[in-house]
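Below, each structure is written out as structure tokens.
Next, two complexes with chain A in common: one pairs it with chain B, the other with chain C.
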Partner chain A sequence: MPLIEFADFSFKYLGADSLALRKVDLNIEEGEYVVLTGPSGCGKTTLCRAINGLVPQFHRGYIAGNVIVDGKNTREHNVAELAPIAGLVFQQPENQLVTLNVEREIAFGPENLGVERKEIRRRVEELIDMLDLEHLREKHPHEMSGGEQQRVAMAATLALKPKVLVADEPTSNLDPQSAVTILDLIADLNRRDMTVVLVEHRLDLVSKDASRVVLMDKGSIVADGEPREVLSMDLCQEIGVGIPKATQIYKRLKQRGFNLDKVPLTGAELATLVQEVKQR
Partner chain B sequence: MIFLENVHFAYDGLYTALRGVSLQIDEGELIAIVGSNGAGKTTLVKHLNGLLRPDLGRVILDGVDTKHNSVAELAREIGLVMQNPDHQLFLDSVEREVLFGLENLGYSKVEAKERCERTLNNLGLEGLSERSPFTLSGGERKRVALASVLATEPRVLSLDEPTIGQDARQKENLAKMLGELNKKGKAVIVVTHDIEFVIENFPRTVAMADGRIVADGPTNSVLSNNEVLERCSLTRPQLTEAARCLHNVFPEVPERLTLIDDLEAVVVKILGGG
Partner chain C sequence: MSFLEVFQYTRQDSVIHKLDPRAKLFMSIVLAVVALMFLAIIPLLIIFCCLVPIIGAAKSLRRWSRSMRGLSILLIFIIIFNTLLSTQPNPFSHSLALTLRLVALMTSFSVFFLTVHPDELSQALIQMRVRFEFAFAMSMAMRYVPTLGQEAYAIMDAQKARGVELDKGNLLKRIRNIVPIIVPLIIVSIRRALSIAESMESRGFGANATRTYMNVLKFRKRDWAVVTVSLLVLVFVVYVRIFVPLPTWMLWQLPI
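Moving on to the complex of A and B:
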């Protein structure tokens, strides 16, 4: 059984005149790292919200089809029941932080779910260690940088021990080095068996770690497969998705009759592939 | 045209954000401001239109200190699009949002309507003019905020993180519009973490760290300076990384390549074509 299943799912926001999601069929298995991308307004955020029931329970609208998360239909289970399964992280961490210090923030979710004190203590310490938050322990969220706030927001989300981390452009307000720190952390969580769904425009930073890229356009899924396969499709440029520069060079070389052995996703990969062809 | 002279600023007099920043902006310039979170970039651009006033130092517009000018007066000359569109949008339709600024600046109904339509078209918002901004996606709301300021064509346009939530096509559209305004002599100042957007569109880059300007010059040289990249929490763009890796094996590849056409040309040469 897939961990997340969208079955012929459509959604229209109240007051909108077109569908935000249009007959989406999507299965995500445990342990996958899925990057969700597509043009602005294509339905990526709506899809994330549908995973933990925020759509349609908080964001109201018209719904058809079903979303089943860990065996639970999101029509029948409320957000509080789904939150321990699907943990969401958003673009603006400050919108997500509710308490005055790091320990309280991480403990807040499990406390609300009635987790035992000793277990909460253990999770707090584990996450402070894992996300490198020790030096922030006594700090107010407003005294932290954007990258630090986002790490705290992630820790608070992970404290619920979710089965899947759903992150909607978690790095778009961060400077490049802080972004890389967060994305490395997400890749590391995935290596420890966490299922990840990440919305991201900057494919040059994430496609090397992902196991799968799902491309959306106008509310529908238009491509779905291995990163190297999906990102080398002409469809990406046709719908306005920016592919990594290394992949662009690969495509341009191919047009000129030079074939590299595989599709590069990073600058270093491109350099190695060029070297291999040259040495032949 | 605008001169920031040794500007110091601290929020609530406590949290120091700018520690002596001097910056000259001339007519028709395209300038990118880069740097880590908390470096003072947003604080700096908020000084341009008087949203913030220096604790020390001066902001001079056309040779005159702006300390006695109201934000409303300065807004006629200097347009600012804030990072979070929700801090800016307040009307119930996209069209009304864009018309609001135009009508306040005294444009006739006909002219305002015409400018509004043109701007919405240019930013790919044409089908959304009747929608409430609050039913739009994050990327679309951002473009509505941009449209409301771009439509007024101020002499100086400053945009805080305009590419957040935008896909490649929207970024191209935005770059094209900024280029066109620039051709009319407008100065454009962008605060951004999007290094590729900077390289492709902005000849001058100002790098900030800890409330100070640590580099100011041609984009290529600022963004290929490893010390600046490190101090400002920037990462090397993928193309530059590819060029560096290739350079290690093929010394004829310049280490400091930033444009895709140039990289393509050197790779084709290595592979024995062209």
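Moving on to the complex of A and C:
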């Protein structure tokens, strides 16, 4: 059974004119690293919200179809029940930090769920260690940089011990350096068997780690598959998705009758491929 | 507004900081009540002399004296006006006593606010049977004050860039100038509140009736000692005030 199952799911926000999600069918298995991408307003955020029940529990609207997460239908379970299954990280880090220091922030989730004190302490120490937050321990959110805030927000989400980490453009408000740090962290988590759903525009940085790319447009899924396969489609350019530079060069070369053996996703891959062709 | 600093928490490693907030709250209230029971210079000076070492033990004397200096203009104002307008036989002594009492009151509460971290305060409230939601709302207000301040400045800059002249014109115009700042600020805050609520919801806020707490406050021996001493002082002072007439040297007044 898949961990997340969208079955013919549609959603329209209360007061909106058009559907935010249109007949979405999507299965996500345990251990996958799914990158979700598409132009603004295509329903990526709504899809993320649907995974932990914010849609339809928090954001009201008209719904059709079902979302089943770890065997639980999101129509019947509230967000708090789904919190230990799907952990969400949002765009604006400072809106996710609600307490006055980092320790408290990480403890906030487990405290809400009524986890035992000793266990909370253990999780806090573990995450501070894992995400390298020791120097921030006593700091007010206002005293931290955006990247640090987002790292704390991730720690706070991970403290719930979720089965899947859903990150909705976690790097959009960060500088490139901090963005790389956050994305590396997410890739690292996935290597430790965490299922990841990541909404991201900087495909240059994430497509090499992803196991799957899902492309959305106007509320529906238009492409779904291996990163190399999806990103080399012409559809990407048509709907305006910024594919990695290396893939772009691959496509230009192909147009001029210069075929490489496989689709490159990073500069390094492209370099080796070109070298191989040259040696032949 | 520098005199308000004395009510703002400062991180220090001191005996007073380590006390349980509930014990400190009790101590502060007792100190304030005692200060309110006297209106003669000598007893108030005695109270004052008890307060200064406590502030000293909290390693905050410098901060305290700075705020008091900030307050001095107001104090002088109080003295002058009271002296001129009072109907007491010795108006200057009376207003001096009033001022001393104000300082003593402020100091006794500042002992509490200077040394209690907002988190500890909310935890203390929770353990005093205040509902978690209310205590948390308070600590969240403190969390978002600097963020909102920053936002207000950003909006001001944006409006100035569009040609709104914020610091020109007469008083009425200046007051009207607040509108183009306040309206966007409210809208932005409501949006922010929604997004915060979303994030809190995702972390199970309000999920469980039996919420647990990572840090629980515990009364130790020293906290009991503080409470006992405060209680004894309170009982003693109340007794003295009601049943024992004060000796005349305590009621000493300046001749004016």
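Convention: the second predicted complex is superposed on the first by the 280 of 280 C-alpha atoms of A that agree within 3 Å, B and C clash if a C-alpha of one lies under 4 Å from a C-alpha of the other, contacts with A are read in each partner's own complex, and residues count from 1 in each chain.
We take it that a contact is a pair of C-beta atoms (placed from the backbone, for glycine too) under 8 Å apart; a residue touches a chain by one contact, two chains touch by 3 or more.
What you see is a predicted model, and the numbers here were worked out from it, not measured in a lab.
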When chain B and chain C are modelled together on chain A, clash or fit: clash
Partner chain in contact with A:147 - chain B first, chain C second, else both or neither: first
Partner chain(s) touched by A:64 [first = chain B, second = chain C, both, neither]: neither
First (chain B), second (chain C), both or neither touched by A:240: first
Chain A positions touched by chain B in one structure and by chain C in the second: 92
Chain A - residues contacting chain C, complex: 49, 52, 54, 58, 78-81, 83-84, 87-88, 90, 92, 94-101, 103-104, 107-117, 120-121, 124, 138, 140-142, 153, 156-157, 160
Of chain C, residues touching chain A in the complex: 11, 117-119, 139-140, 142-143, 146-147, 192, 195-208, 210-214, 216
In the complex with chain A, residue positions of chain B that touch it: 35-39, 83-84, 131-132, 135-140, 143, 161, 164-171, 193, 195-196, 232-235, 237-246, 248-250, 260, 263-264, 267-268, 270-271, 273
Chain B-facing residues of chain A, complex: 13, 15-17, 38-41, 45, 91-92, 145-147, 169, 172-180, 201, 204, 237, 239-242, 244-246, 248-249, 252-253, 256-258, 266-268, 270-272, 274-275, 277-278
